[in-house]
Structures are given as structure tokens and as C-alpha cells.
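Read through the structures below before going on.
One chain, chain A, links the two complexes that follow: it is found with chain B in the first and with chain C in the second.
Coming up: the complex of A and B.
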């Protein structure tokens, strides 16, 4: 009477079967994706970030920060990265940055075009909204396991899981940015005979850039938030250090890795925020 | 007016917003007003059965209150808004038959538009904004730069090339908007309330500059405004719009002198007529117009018969040479002179036919000597007496005669 009747809706069962079916039948497809993610990721990690001498990396990051933001952010980058190195967390940090950069690139490559489509089609916007809501609110643990089924252990499923979390802001803010462009400016563009592509490239995207950059900024933050979680499916880097520190009750070790994540987050946040602002005033 | 080229011709153009616009046109005979149709069917009649022809190089002003359908109408011309029914021709070409590509070419080369809130690109410099239309057409290099520089020069923005848009005042921004439209060299300018967003002083200055600009750059202009004075000041002809319909089309003088209905009368009631009515519409035939070789005695006779104190005198080529007063002529005759040219007084005041009455007033100094109205070749078109001037500035029921006269010579 007071208890809910046992209807035994077998949703869980269906999902299990679907995942099993996908694993069996779409193996080739997942292999392609795995390669497409692993190759650039490994290249960024081993052939760029870890191949370059540490001081070259610091100089490059500082130069980018100076160019895009200002000398203060550049100084922050130098001190922050040096501090990370001094704690002995250099290699882990480079691995984490490689995961992040790859995730962000994938998220932007997927998110921005979908955002453009959403802005152009009300129907697509209505269709994608609940899906994006689900992607962002579904606890990450739930899709970590199927990610492992599909992509194995290690860095690749980490990137995939991160992207699931980080793509929605890229789509949302691109969509918002384009829709917020003043209708009169769009009309002006059309009145001079723009093609759809010219309108997009010369008016809508440049004017939406601050919003798109805010989306990229959020994507980066989401990616950093996922770093620790991803270490649970075998992704190396700072997250793994935090996890090990936790497992071994080694507070100091976890703290060093944690503070490194914070430093990376702050540097990247300042740089991308400046990039967004530049769009508005340029 | 067969000798004049028609640039834009609108024929029975409708624009209705709503789910089934055609049904509204089909039922338009039942006499419902725009408001009733909105309440009963949820359709907005933005433009209702509008027809007009715009001549080449004419400034055609569409004036109406907010919501009367002006913006919709002007956007139908370049099809930023698709008309529901009716035809629009540009230089004889039916725009409604054009496909996407032809329409794009049309917008790139033939029609350019200026917007109320400027519609500029804030991420570009002044010169890059002006270059926009050229860039869209794929032009680049020196040729493009020259066109941009010329357009900037025309609107008085030389030296501001590199400025950022948001550093400029509203007036300056609209200059950029205008330069952008001029740079593409289109024959037709569509201007949707271009000066409405500006402060009154700046607005007046822009109007004056626009008039000056038009002296050098010939264009057909469709100019939208909600300001009657602006319409009368700038327009060669003015169309008054109300609830999507055009209630009257005419020259500024016709609008002021012969309002078509109550609605227009109400509008023009407070218009300072002296600024709108021109000499042309109050001028009269000179009672005595003689050749300088004519016999003085005969001319004195003519003046007496006509009961006037002054005769206008032309030279052998028909140009106005001067005038003579009755007194003058009589003295000359008494002194033994026989030809009119011996009594001619070379100093006289004159004005062009499009001089507003306000500006004629100080020129009619002597009660007995009317103001001579001359065309560019110094031929006398008519004269303006003080009485006609005063009547023209006051009358609200129009000066039928003078007005007809004015139209014919246009």
C-alpha cells in the first residue's frame, strides 16, 4: 500500500545490453576515434611539452600570456610554472595540460559547429537542449565505465569523458553569441549581398567571439575539473597524483598536485578571459 | 511624365505578417481596418496595396508614424523582407522573379542601404567598415582602397580611417554608414530613418550635408522618416503612410498646400509654410515684360494699361536685363530718349524658383517692385509680389493657381 509497486522497468538492463552491443559491433568505429584522439594527444605530450626544455615551455607560455593578456599574466605564468617545477610536478603537469589541450580542441571542433547550427535552426536548438542538459548533469562516474568499455583504459577515455562534460558550454555559448548579434548588423550584412558563409565569417562569428571565448574558457575549467576523476580510469598526470595521495593518506603529495592544478587553471583562465575581452573591443 | 526614367516602381505591394497572409488579401475588400484584422485574425498588415514610381535621381521620402510600415516597405525593395503580393521593378526589372544569386548581385551592385542604428561592425575600423560592401563583392587592393578613400572624403571622414567605431559620436557613425553605402557605387540608396537616432542639432547638420552631397553625387534615394519637416526639407516628393497605406504622394508644396485628407491636414497644420513653400508656387506672370529695343512710349502705355509701376526688360536673347519704373521711364521720355534700354535700371533683386518664401521675404523690399524669379540661364520665370508672398505664407487652403504653375515647370 505505502510502497511503490514493483513494476520492474528494465531500463538498466536495456542500457547494459546497448553498451554490450555497441562494444561488440562498433569496435572499428571506436578504434578510429581512439586513434584520432591518441595520436595528437601523445604528440602534444611527448613531442612538444615533454620534449622541449622546461624553460622553453615557460617562455612560450609567458609570451602567449603577454601577447593576449598583459605582462602581469605573463609574470604569473612564469612564477606559477616555475613553482610547479620546483615542487617536482613538471612531468605530471605537462601530461595534464596535454589531456586538457586535446579535450579543449576536440570540444571546440565539435562544439562550435554545433553551436552555429543551433543558432541557425530553432528546431535543432530545441533538439539539442535536453541532450546538453543531460550531458552536464549526469554524474561523470556513470559514463566513465562505458568510456572504458569503448576506448580502453588510459588517456583516451579521459579525453572522451572530459569532452562529454566540456562540449555543452562550447555549443551553448556559440549559439548564444550568434543569436545575440544585433539584428540590424546582420540585416546590414545581408543588404550588401553577403552569402550565408560571408555573413557567418565576417559578421556573426567575429561578433560572437567574446561569447565563444567565454565558452572555451568554461570548457577549460570543466576539463580541469575532470582531471582527478579521469585518473580513476587510468589517466596519468596531476589527477593521478591527487588520487595516490588520497589512497596513501599522503596529504602533502595530494596538496602539491592539487595546487598545481589550481595554478594551471588560473593561468589558462586569465589568458582565455583576455582573449574574450579582446574580441569585444577590437 | 514619359521623358523621365523610372528607377523604382512598386505596384500593389502588400506585406502581411501572420500564418495565412494570402487569405487576408483575398478578403481585403470587406473594409476592415488594420486594427480589426489584427484582432480578428492575428495578422498584421504592415504594407497595404502600395503603388508608386520613383524617378531616377529623385529623393523619394516615405513619412509616417511609428508602425505605419515604412521600414517594411523599404525592405521589400531589396527583399530583406519578402513582399506578400505585388510587383517591384528596378529599372524595369522584376525583382520578385530573381533567385538567391541574382538577388545577391542586385544588393551588391544596385541597391545599398543605410540604417537607423547604423548597423556598423564594432570589431572593424572605420575604413574596414566602409570597405565592407566592396569586400563582399570580392574587390581588393588599390582599387578598393581608392573607392573607400573617396567615400570617406565625400562624407567628411578623411583622417578618421583608422578610428574604432565605438570611439565615434552618433553623427560620425552614421557618416560611416553612409560612406559604406556610397562606396559600392549603387544607383539607389535606401535609407531607413538614417538621422532619427541623432540629436536634433546634429540631425539638422546631417540633413544639410546630405543635401550638399546630393549636389555632387547623383543617386535615387528612398528616404524613410517619421519627421515631417525632414521629409519636406529633403524630399523631391513625399509619400505619407498611415496604417500601411500611402494616403498621399506629392511634392512638399503639394502636401502642405493641398493635403489629401484630414489625416494629412492635421500633420501639416503646424508646418512653418515659409520654409516649405517656394517662390515657384506663388510667382505670377510679370504684367509687363518687354524687349530692351522696344519703344519707350509704347511701354509706358502698356504699364498704364496694366496699372503697374514696373516693367521687366529682357535683352535680345530673352535674358532679364533689368527693369524700369514708370517714373523712371517718363523722365527718360521727357529727356528725349526713345528706347527702353535707355531707361533700364540694371540693379534688381532676383531669386531662383526653389527659394523658400522665408528667404524671399527680405528680398521684396520695395512694395512696388516685385522679386524676379530667374532660371539658371537668367530667363524670367515669374515675379513674386509682396502680397502674393504674404498670402502664400499664411493661406491654409492653398493657392491653386500658383501651385499648378509650379508643377508644370518641374
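Coming up: the complex of A and C.
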């Protein structure tokens, strides 16, 4: 009488069947997604980041940091990236950045439009909220394994898994940003006879930009947080080095890769945070 | 920033699994429960026999090889099974040399590993599933250089080469297979990719198998997936110790699957230590149990009960008759 009755809800069984059905019937669909992610990712990794000489990469990052933030961030980027290279973690770091950049691009392409829809439609907002909660709290291992079923091993499932985790902040903060645009400004726009599209593009999105950039910033941080987990499905890069270090009880090796992730995170955080602030003053 | 630091910290902590220890009760024996099927099953069998036959309490400590092995050295774990000695040779040698652990038993000598495992349908096809033979002439690792083989196992990220899936990072197979690919002259034809974890390795093989696609990579036995799927090993030169030490240019030797105890375990429970000294399980036995476990979607403990009920001739060899009687009686009610 004290034990919970054995109802045996077969939720797990249903999920297994759903996964099997998806593998059997939507293979072509997954192949298209796989190619759509793999091609730009491999291009960014092999033909840009790893093709450019290391000092060119550092100069470009520093220039971007200087332009968007200030000379302090640029200096930080130069020293940080040089330090990573000096530890012998350059190639791993470029691979990790390639995964991250691809994930962030995909997340923004999907997240920002959905965020706009959420801001326009209360019903859609109510609908997406529990789904986003689930995406952010479901332990990543649960979807890492089916990701391998659908997308194979390596970089592509890593990007997919990262996006699942990193899209919610992009949607949430875009939604929030547009909703926070003051009603008076919107009213003023309307009284000048703007169309819905003009209102969105010329008034709401520019004013929401700081929030949207905060969303991109969060997306980047989420993506970096997934780096280690994604190495468990064979994604190369810094995460794999952390895992290798841990599996061999080689704490030093894990630390080197871990500190490299931290450096990349700090540089990207400072740059995107500055981008958000710039939006406010513009 | 603080957020990401916290997340990273949490990830690292959860990776390095905290082994809990409790003092006081001397009667509790702590057994490792390593995170693969054959080890979990044997730990479950040992737990039932020790609790029902010898009257100690048993606590299973789940985790990965390296953290649990460290736990054994520190005495947080009493008995460690089933360890794969060659896969952690350095740690094992260091622990033995320091006198922290003692070896109790080698479980079997017919286990296998290979970096060139393929689904059998790649060679023979599978008429029932409508799969045509893809590489009917593939026999030895030398044949893998054939352009048709390379194209069949093409690496999606670099289609000019084939792709061989390696085992989890940090396992011995990582180094061995990378060297074998060079020694066999396959490095110009194949990339080797790390599966990251054993779960991902299984998912990769199972995903390809269910879709009837070609796959080549590392696997070992006993494992449930080797029992559940129809797999073939591409032929390598037979194991030769000198060749192996030189450049790993031959098949794997069978590994020593060991049971080890902390140095003080003898004083704590000599009778249980004696049982582990007699412990032996062939790969065939373990494959059978693992396939049963997978078929019934059961827990290791269910498989252990099934084994104790149905394979008495094996486990009664480990224990004195009076203990065997007690275990038999207890299992009958389970």
C-alpha cells in the first residue's frame, strides 16, 4: 500500500519505436540535414581556420575585437590565442571553433525567426515555452545517442546536439527583446503609417538588438559548454582532449584543453557582449 | 562567464565520478560495477553469491575503469572486476608494484579485440533483408587498400578516403589501431575516427547495421553487440609477440580479464577472496548471458538470477558445497 502501484506506462517503449520509425523512414531527410551541416562546417574548419596561417587568424580575431570592443579585448585575444598555440592546442581549438561557429549560425538562423514569431503571437509563445524548457533541461546524453543513429559519428551530430541546447536562448531573448520595445515607440511608428514588416525591420528589431546579441552571446556560451559532451560522440577538438585526459587520469592534459576552452569563451564573450552594448548606443 | 565556468566544472566533476566511501561497518564489501555489460553481470552474480552464500552486505559502486581502479588502490573499493589488464597496463603495473592491490584471478583467455570488424552482410549480403554483397572478395586487411573497399567505407567528411571507427578515447585501442593502420599501409587510404565513448561506438555500429550500410571499426568480445549482430573480423596476420611489440602489425592477443582486490581485502573476507580465485567465465558464456540480457531488456541483476538458476555447473565450481546450497535456496525464491 506504500509502494507506488505498478502501472508500467510504456513511455520508453514508445520512444524506442519512434526512434526506429524515424531511422527507417526519414533517412533521406536526415541525409539532407547532414550534408547541409557538414559542407559548411568542413569548409570553415579545413579551408578557413586550419588553412590560414596561425598569425593571420590571430590578427583577424584581434582586428574584429578592436573594431567591436576595444584595444584591451584585442590584446586579450592576441595573448590568449598565442597561449593556446604555445600549449600545442591550436588545431584542436580551430576545430572546436568551427563546430561552435557552425552551431551558432544554425542556432541564430532558426532561433531569431522563431523568436520573432513568439513575440508576435502569444499562442505560439505559450506553445514553445515547454518545448524550450525540455530542450534545455533534458540531459544531453539522452539525445546524443539517437543523434548518432541519425547523423553518424563526429562533427555533424555534435552540431545538432549543440543546437538543441543553444537554440532556446536565441529564441527567448529575441522574443523578450521585441516584447520590451516600448509601446509608445511602436505606436509612433504606426501613426506614421508603417507596414507590419517596416515596423519589424526598422523599429522593433533594431531596438531589440541588444537583447538579441545577448541571446547570441548565450548561444555561444551554451555551445562551448557542450564541447566536452560532444566529444563523447567522436567530435574532434578540445573536448576530445579533455576526455582523453580524464580517461587516462592525465589531469594536466585535460587542464590544458580545458583552459583553452575557457580562453576561447572569454574572448568570444567579450566581443559579443561589446556588440550588444554597441547596439544600445547606436 | 561564471555560468560557463560552473557548467564546465560540473561536467568535469561528473566525468570523474566521485567514489563515495563509508567507514564503520566492516561487513560491507564494496564491489566495482564497471559500465559495460559483462562486468555489470559478473558484479551482480558476485553480489548475490556473497550476500546469500557468505552473509556479507555488498555495495556496488558504479563507474568507469580509471576512477574505479583508483578507488581500488585507495581502498574505497574492495574488489575490482572485470578489468582489462592490457587496456590499462600502466595503471595496473603501478598498482601491483606499489603493493596496493593483489590479483585474484584471470577470468578467461578466449576474448578478442579487432580494429577491423565489419557486418557480415558487407561480404556475404543478406537476402532476407535484401542487401547485396558489397565486397564479396574482402578477406584480409591487405584487401582493404582496394579502391572499391575504400569507396565503400568512404569518410563523409573526406570522401577521398575510407573511414575506420576507433574505440573510446583513452583506451589502448586508440594507440594500437592508429599504429596498425600505418603498419598495414592503410594510412593513405583511410582516416581513423575516435568514437568518443563505447555508447557512441555501439550506436554507430547499430545505426549502420540497422540501415544495412557498410561499417568498419573497432570492437571487442565479450560484448552484447557481438552476440546480437552478425559480424566478421577482417583477417589480420596472427598474433606474434615480437611483431606486436615492434609495430602492432598483427591481430590482437587475447587480453587478461582480471579480478583484483585491495591489499587489505584478504584480512577482511578471506573466504570471498578464495571464491574470486576460482572465478572463471568463458567468452561464450558471457556472450550468451549478454545476448539474453539484451533480448529481455533486463537488468544485470535479472541476468545474474537467470544465470545462477540455469548455469549451475559453472558457478558451483567457485564455491564450497555448503555455500552453493545456500545460494541455490535463495535464488530459487527470486
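Convention: the second predicted complex is superposed on the first by the 282 of 282 C-alpha atoms of A that agree within 3 Å, B and C clash if a C-alpha of one lies under 4 Å from a C-alpha of the other, contacts with A are read in each partner's own complex, and residues count from 1 in each chain.
Keep in mind that, in the parts below, contacts are C-beta pairs under 8 Å (C-beta built on N, C-alpha and C of every residue); 3 or more make two chains touch, one makes a residue touch a chain.
Since we're looking at a predicted model, the values are computed, not measured.
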Look at where chain B and chain C land on chain A after superposing the complexes, then choose clash or fit. fit
After the superposition on chain A, what is the angle at the C-alpha centre of chain A formed with the C-alpha centres of chain B and chain C, rounded to the nearest 10 degrees? 160
Partner chain(s) touched by A:27 [first = chain B, second = chain C, both, neither]: second
Is A:234 in contact with chain B, with chain C, with both, or with neither (first, second, both, neither)? second
Look at A:225 in the shared chain and tell me whether it touches chain B only, chain C only, both, or neither; answer first, second, both or neither. second
Report for A:203: first if it touches chain B alone, second if chain C alone, otherwise both or neither. first
For chain A, which side has the bigger count of touched residues, chain B or chain C? C
For A:87, is the partner it touches chain B (first), chain C (second), both, or none of the two (neither)? neither
Regarding the shared-chain residue A:248, is it in contact with chain B (first), chain C (second), both, or neither? second
First, second, both or neither for A:190, with chain B first and chain C second: first
Which of chain B and chain C A:50 touches, first, second, both or neither: neither
After the superposition, what is the least C-alpha distance between chain B and chain C in whole angstrom? 28
What part of chain C is in contact with chain A in the complex they form? 1, 3-5, 7-8, 11-12, 15-16, 64, 66, 70, 91, 156-158, 165, 168-171, 193-197, 199-200, 203-204, 206-207, 210-211
Given the complex with chain C, which residues does chain A contribute to the contact? 20, 23, 27, 34, 38, 42, 141, 144-146, 148-150, 152-155, 221, 224-225, 228-229, 231-236, 240, 242-244, 246-249, 254, 258, 261-262, 265-266, 269
Spell out the residues on chain B that touch chain A in their complex, using ranges where they run on. 78, 80, 103-109, 111-113, 115-123, 132-133, 135-137, 164, 166, 180, 184, 190
Can you list the residues on chain A that touch chain B in the complex? 182, 184-185, 187-195, 198, 202-203, 206-207, 209, 279-282
